[in-house]
Amino acid sequence: MGFILPIIPVITVLLLFLTRKSFLQHIINLLASGLLVIGALLLTYKVVNQGSIRYGFLGGIFYVDALSVIVLDIVIIIGLVTSIYSVGYLQEEIRQEKIRPGQIKRYYLLMYSFIFTMVMALTVNNLGLMWIAIEATTLASAFLVGFDNNKYALEAAWKYVIICSVGIAIAFLGIILFYLSARGVLSESAALDWVALYENAKSLQSPVLRLAFIFILVGFGTKAGLAPMHTWLPDAHSQAPSPISALLSGVLLNSAMYGIIRALTIVNCNLENNIFTGRLLLAIGILSILTAAIFIMTQRDYKRLLAYSSIEHMGIIAVAMGVFTPLAVFGGLLHMINHSLTKSMLFLSAGNILQKFNTMQISKIKGVLKILPFSGTAFLLGLFAIAGTPPFSIFSSEINIIVALFSGGSIWIGVVLVLLLAVVFAGIVASLFRMFYGERDQETLQPGEINKAGTGAIVVLLIAITLGGLFMPSYVIELIYQAQGLILGI
Amino acid sequence: MLEFVKILSVLILLSAFVLMGNKRINSYIETFRVQSLFIALMAGINGIIMLRTEGRFDLLAICVLILVLKVIYIPGLLHRTYAHVKYEVEKDFILNIPILISVCSGLVVFTYFCLGTLSSIIPNSIILQLVNSVSVIWIGLFFMISRKKAIGQIIGFLVIENGLFVTTMLGTEGMPFIVDLGLFIDLITAILIMGILVFRINDLFDSIDTDQLNKLKG
Amino acid sequence: MLFYAAYLFKSSLILYILAALIALLMTKNQKTCNILVNSICILSALLGAAASVLKLTSGVDTLPLIQVHSVVPFISISMTIDNLSAYFILALSILVCCVSVYSLGYISSYIGQRNVALFYFLYTTFILSMILVLTSDNAIFFYISWEVMSLLSYFLVVFESEKSESQRAGKLYIIMTHLATAFLLVGFMIIYSYTKSFDFGLGSAAAIMPDSIKNIVFIMFLIGFGTKAGIIPLHIWLPSAHPAAPSNISALMSGIMIKTAIYGLIRFIPGCLGVEHSWWGITILALGIVSAVLGVAYALMEHNIKRLLAFSSVENIGIILIGLGVCFIALAQNNQLISSLALTAALLHTFNHALFKGGLFLGAGSIQYAAHTRDIEKLGGLIKKMPLTGFFVLCFSLAISAIVPFNGFISEWLAYQSLYAFMINGETGLNILFILAVAALGLAGALAAACFVKLFGFSFLGLSRSEQALRAEEVPLSMNIAMGILTFLCLLSGLFPLVALKLIDPVTVSLGGSSIFSTLRGGFLIVYYPLEAAGNTISPLIFVIFLVIFIALILLAARVVGGKYLERRYGTWDCGFEALNSRMQYSATGYAKPIKIVFRILFKPTRQVVMEGDSIYHPDAIQYKTSYTSIFVKYLYHPILLAVKDFAKITKYKIQTGSIHSYLLYIFIAVMAMMLYNRFL
Amino acid sequence: MNNVIYILVQIVVILAVAPLVNGINRKVKALSQKRKGAPPWQMYFDLYKLLKKNTVVSNVSSWVFKAAPYIVFATALAGALLVPVTSKLAGSHIPGDFILLIYILALGRFFMMAAALDTGSTFGGMGSSREAMISSLIEPSILVSLFTLGLIARSFSLPEIIMSVQNTGIPLSNPVYIMVFLAMVIVLIAEACRIPVDDPSTHLELTMIHEAMILEYSGRHLAFMEYGAAVKQLIFMTLLVNIFLPTDQFITLSGLLAVVLSLIMYVLKIIVVAMVIAMIEIKTVKLRLFSIPNLAALAFILAFLGILQYFILGGGYA
């Protein structure tokens, strides 16, 4: 069932090429994302029941297991939400004459090739191919970032392409070293197959692997927006159209993190401890959170603020992976899910606010709750959620990570983490909350939601993250436990 | 015959230095062309060896690809791009040449030092090439840091890619063919995208000086 | 009996949830929503009160209520009600009952103006969250409900969100409380890292943890709970947050919410850590002294009634902390009798403060309801317009100034007793601190009296100082009924202290103290303490009886000696100038000025006098502005805040320069650094 | 039975003596100013006359204004019950200690201060605010001094304290008592509104405090206010004389005679103290309002030093 997942986006792209009417394009978009979700769910069901799946064709490069399925589901579900949102979003953009109707086609084309690359990255079992796919995600999304085609968007796109390509190149060096470390252990064809690598991890050459891990960490870390390689992220996220920001933040970062996790698994298995990787990841993770905290404190642009918060959360996941105890890994994976849901919801509601107020300056906005009752409330609650306030879902994963830190002996890192999180919260409140309250001063704005469908999607997400805080569907947990087993090699 | 490979890898490194020493954008492109030529040769030699030993063609195919893409097509593309965008002579680099060169040599030493951990497990011949090619990567990165113009950065990126190619061809065996192929495709698209972006930048900013791309900060 | 307690308790919980749902559903029909929700709340509050009384008298300590485990690790709902929580829930229920009665009238002014349904949803869930805080027996669940409580109260603070002051207050509040909660979390986590369990396995941590760690955890808890309790210098959110909320909410916040912090201190520090060092108690005692005196000193300077009340909450928290401090010191020297005596004082004052401070906030609400202002300078003469409210506020003022025969006096008296009992045979160093505590209690009491004479006198007596005060009229009956109940309770527990003490005794016993009740000899009406020292005896009731008799006799004597009472109404003496008007009256500012000058070090008072007119000798008008700044805000918070902000602003542009070269350089450096690390591994 | 007798004696003696103190005080002052002055018992006549007069009530004021005099007077009397004039009857006493005493008097003060605000007169507000300041500044000194005595006597109840003092020889021979005594003198002056804190005999708004508060009162209200003030003053004097100048231990015989004797001694002591106070008033000048805190601070320091010495010397007095 899994093999249709990469195919659907391809077909969609072809269909989009053929169609001319924007109406049809919207329909195709919705259908495609719907189909994707169905396929993904079936696949998930299968994986939950029978563990990893390997497909014979194309030399068996397609391979899915719990870990990839988790990220895959995130990709596809966020994809669905985004595509639902995009319909209303694009229509509003056209109504405000920001884009021409002709651009809709381009938008969808790019979006689906973007999704396609990510699906690819998550379904292949070959590190090299995974790298290619992830590099391709950059290229596919570059024009999406520059979609608005003004000075800022262009600058963001340029930085995005350059920095990510460089980073990814370094990651490729790491992969070559992986290959090198397998010299004499594995046959050439299998030398990048990460399953094979994992199975023979013990016999790989550790010094080479260590170097390889460093390069992969930096390389994929660049894509995942870990400090100090994060610099492209705030620009790209703030300049891209809101739905695309949601995709970037909720999905792309995770796929990059997925690459790191894959490598991490092998290296730790080879070194038989996580001291080396742990130190690097903890350092980078804490650094990311610290950077985010500093930037959030005095942020003037709400989309940038959200972007920095993404950096923070990637940092948290990195810390979790660095601790590498079952609890931590569990928390990290759970955090991936929760963060992408919450963050994409935030970006989507931010998109509504942006379309209503036509500014990203916090200081220029007042009375959001009055003017946009639904997405405003969602944004407010989402901010509490993203800051790790109970009872929202992010809290539940953060608490797992923190507990892991404290019971794993690294108490002081735990203390630093907790305090930094609190500081981030304070920063969000201090810099962002003023835009929610007060009377609206622009009489031109009349209250009421634009993009009804999109708002509906937002509300659904809100409910999901609120309930997810206390009760997760048990098969999700089951899936996470499987992935945890894979990562820890239990 | 492996001697040639060693010499070539040194030559590639040298070309990287030369590139760093260049002042004009046209000469960047030419140096890059030369470097790619060396790489093509290297691929060719390795390909012949492999053909002899295992009877595989893929490295030769790669050699051809490199010739077509990196020696002929991409430099031409860059030349054309550069011809389109406005051109005024100005100092393109942030530090002066001697310092840049010395930093690069420092990079080579650094790389050698850092790869010292591998010396126990990998034959010296490979270490040599590894050091050379990896230093080429760092030099390329440093080139990007040191050049202001957009095209300079594209070149730097290409040099990094070159370094990666050389590294893939370490010793006799290259990477699986499909990976190299993918690498090429990505490369092409990347260059195309960057080229398009350069056009747009030039349209909007009336210059390809990336120092003007600093509106987004904080 | 215990079974009934659990049953009643659960049913009251369900009723609260029901009320919340009803509030959500009845967005359209606000009137019925108002009535329905309040009546349900009253009912469930009564159930809760009954449950906790049953629990307290049943003699069994812990009573597990609900255990629900979610699939996510560490996320579980587990509620247990023991004597301590039962006691606090009793206080909560009583206050909630009165506040709900009050809201019937008070919120009716909101109908049509604001989203009443939303308000009631927040109101009920807020109550619910407080109950969860008080009953949770698992650290994570405690943390969750604590945060939820903060969140909901935040939304209630910013409920009147169009006011910029509400926004500022809310921002300050949520930031402070969240930072504090982080410290709490750290504390819990450190404990966990030793005990490997989040259940309140009380005392379990004490055995395992090393002293140094215990001290750290203590400090964490002190900061965490101290901020919520509003002890000085962590109090700055409190005087801005309480006034911003609607008055009935302020009553709940000041009456119960800040007491949950006291609950936390009692629950975790003696319960979980086990007090071994006297310096813990000494720290708390010192903080208590500071909070008590400074709190009321700042209260005296305020002319916004609700800010004044908020500051006076800080004072009362200080008094409670003095009790707690003594208790902890006694525990550290394991002197059980004194510890439980001091704990009783603290708990009783907690309860009393809930009553009269709740009442005072309701009173403030009535004043605003009637006169549409909270500014004392604009009020006056209300006692003729709204006699009932006036009378109740007078009673609450007496109670909070610890004046006989109201309940405030009893708890302060107990505090004095515990200090005395300690001083009889404590060591010198501590005794000096205790003496300071005595002086502080005295000073705080007297200042409180001054403060509340000001509140009562300037808002209810004299001439009305503004139009709206003139147009004020008595508030709806329900509001007065609520305040009446509270007044009655204040008087009751002031005259028959043993009623309350009987309920506190199980708490102190279950916390490992020895029952002081065995030593309460004498009749039901007399509190009688034979400590090691000779007995100190008071009986407020007897003195009230004496007072009544005396007054009767005096009236009689006057009648007999002076004959019939002839009264002539005449204007107040105006020194023979034209008749007195309200602007000639003494102003509240002037009233507080002597004390402001005496304690000028605390207030840094500033004033400016602007003479309008051509000659300064014959000014047409004189403008007199006076203001004061809290030294804590000025010398503690502002500097830190500025430093952080500047640092962030500067580094922001230093890191994210916008130049792609520097970005590439970061990557470059990152790789180099990691490779070096690898090399030197 | 005992209690009834005790209460009656207390009430009668206090009521009887209170006005006398003021009279003597005025007389002494008059003599010092080479005036003949009114007879010491003048105040009885004044009170009687005031009772007979009919009263003027400000039409601004409310019930608080009218209730205040009775409450003030009643609380003063209730307080008087706690301070035994003679230790010969103190075998049985009613439940209450000095903390209760202080807070009962506080009730009266609260109403007095409130009533002063009730008429809307500027003088009232001024007096009230000054009273607020002084009372709150003096409160710690009272508490600390009485605490010291309570610690020494191992009890808070004043009869106990007075009893215990009698068998420690001459109290004023040891430092603790001296310190506390001085503190109490200052407290007395402050509470009784005497120079240098307040000037009872002026109606100049710059100086008056207590008088300003009761300025609006007339007729029987004024009478009770005055009388209450006098009783309160007498309470503090009684504390002073019975604690620091105990004489009852010299009275060896018992029964009614002893009581009478000790009462006579008591009255004499009170007269002496009244004169002393008067002398102080003559010798000193009224302080600026804002140098009163210094006096209060002095009182507190004295009390504090006293209890400090008690602790340092290890409480070896009981």
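Letters A, B, C and D mark the chains as written, and numbering starts fresh at 1 in each.
Everything below uses one rule, namely that a residue touches a chain if its C-beta (ideal position, glycine included) is under 8 Å from a C-beta of that chain, and two chains touch if they have at least 3 such contacts.
Small disclaimer: the values here were computed from a predicted structure and weren't measured.
**Student:** Weigh A-C against C-D on C-beta contact pairs and write down the one with more.
**Tutor:** C-D
**Student:** Comparing chain centres built from Cα atoms against the global Cα centre, which chain wins on proximity?
**Tutor:** C
**Student:** Can you work out the whole-Å distance between the CA centroids of subunit A and subunit D?
**Tutor:** One centre to the other, that is 79 Å.
**Student:** Provide the C-alpha centroid distance between subunit A and subunit C, rounded to the nearest whole angstrom.
**Tutor:** 45
**Student:** Could you tell me the distance, in whole angstrom, between the mean C-alpha positions of subunit C and subunit D?
**Tutor:** 36
**Student:** Measure off the straight-line distance from the CA centroid of subunit B to the CA centroid of subunit C, and report it in whole Å.
**Tutor:** 70
**Student:** By the touch rule stated above, which residues of subunit B touch at least two different other chains?
**Tutor:** Only 114, 117, 141, 144, 153, 210, 213-216, 218 qualify.
**Student:** What are the residues of subunit C that contact at least two other chains?
**Tutor:** In subunit C, the residues touching two or more other chains are 652, 656, 660, 664, 667, 671, 675, 678.
**Student:** For the complex, give me every residue of subunit B touching subunit C.
**Tutor:** Those in contact with subunit C are residues 94, 110, 113-114, 116-117, 138, 141-142, 144-146, 148, 153, 210-211, 213-218.
**Student:** Within the complex, which stretch of subunit B touches subunit A?
**Tutor:** Per the stated touch rule, the residues are 114-115, 117-118, 120-122, 134, 137, 141, 144, 150, 153, 157, 160-161, 163-164, 167-168, 170, 173, 175-176, 178-179, 182-183, 185-186, 189-190, 193-194, 197, 200-201, 204-205, 210, 213-216, 218.
**Student:** Write out the stretch or stretches of subunit A touching subunit B in their complex.
**Tutor:** Against subunit B, subunit A makes touches at 126, 128-129, 131-132, 135-136, 139, 142-143, 146, 149-152, 154-159, 161-162, 165-166, 169-170, 172-173, 176, 179-180, 188-189, 191-192, 205, 207-208, 210-211, 234-235, 238-239, 295, 299-300, 304.
**Student:** For the complex, give me every residue of subunit C touching subunit D.
**Tutor:** Residue positions touching the partner: 380-381, 383-384, 390, 394, 397-398, 401-404, 409, 413, 416, 420, 423-424, 428, 431-432, 435, 438-443, 445-447, 449-450, 453-454, 456-458, 460-463, 526, 528, 533-540, 542-543, 546-547, 550-551, 554-555, 558, 561-563, 565-574, 580, 582, 584-587, 590-595, 597-598.
**Student:** In their shared complex, at which residues does subunit A touch subunit C?
**Tutor:** Of all residues in subunit A, those touching subunit C are 158-159, 162-163, 166-167, 170, 210-211, 214-215, 217-218, 222, 228-229, 231-232, 234, 276, 279-280, 291, 294-295, 297-298, 327, 330, 334, 369, 384, 387, 389-391, 395-396, 399-400, 402-403, 406-407, 409, 411, 414-415, 418-419, 421-423, 425-426, 429-430, 433-434, 436-439, 469-472, 474, 477.
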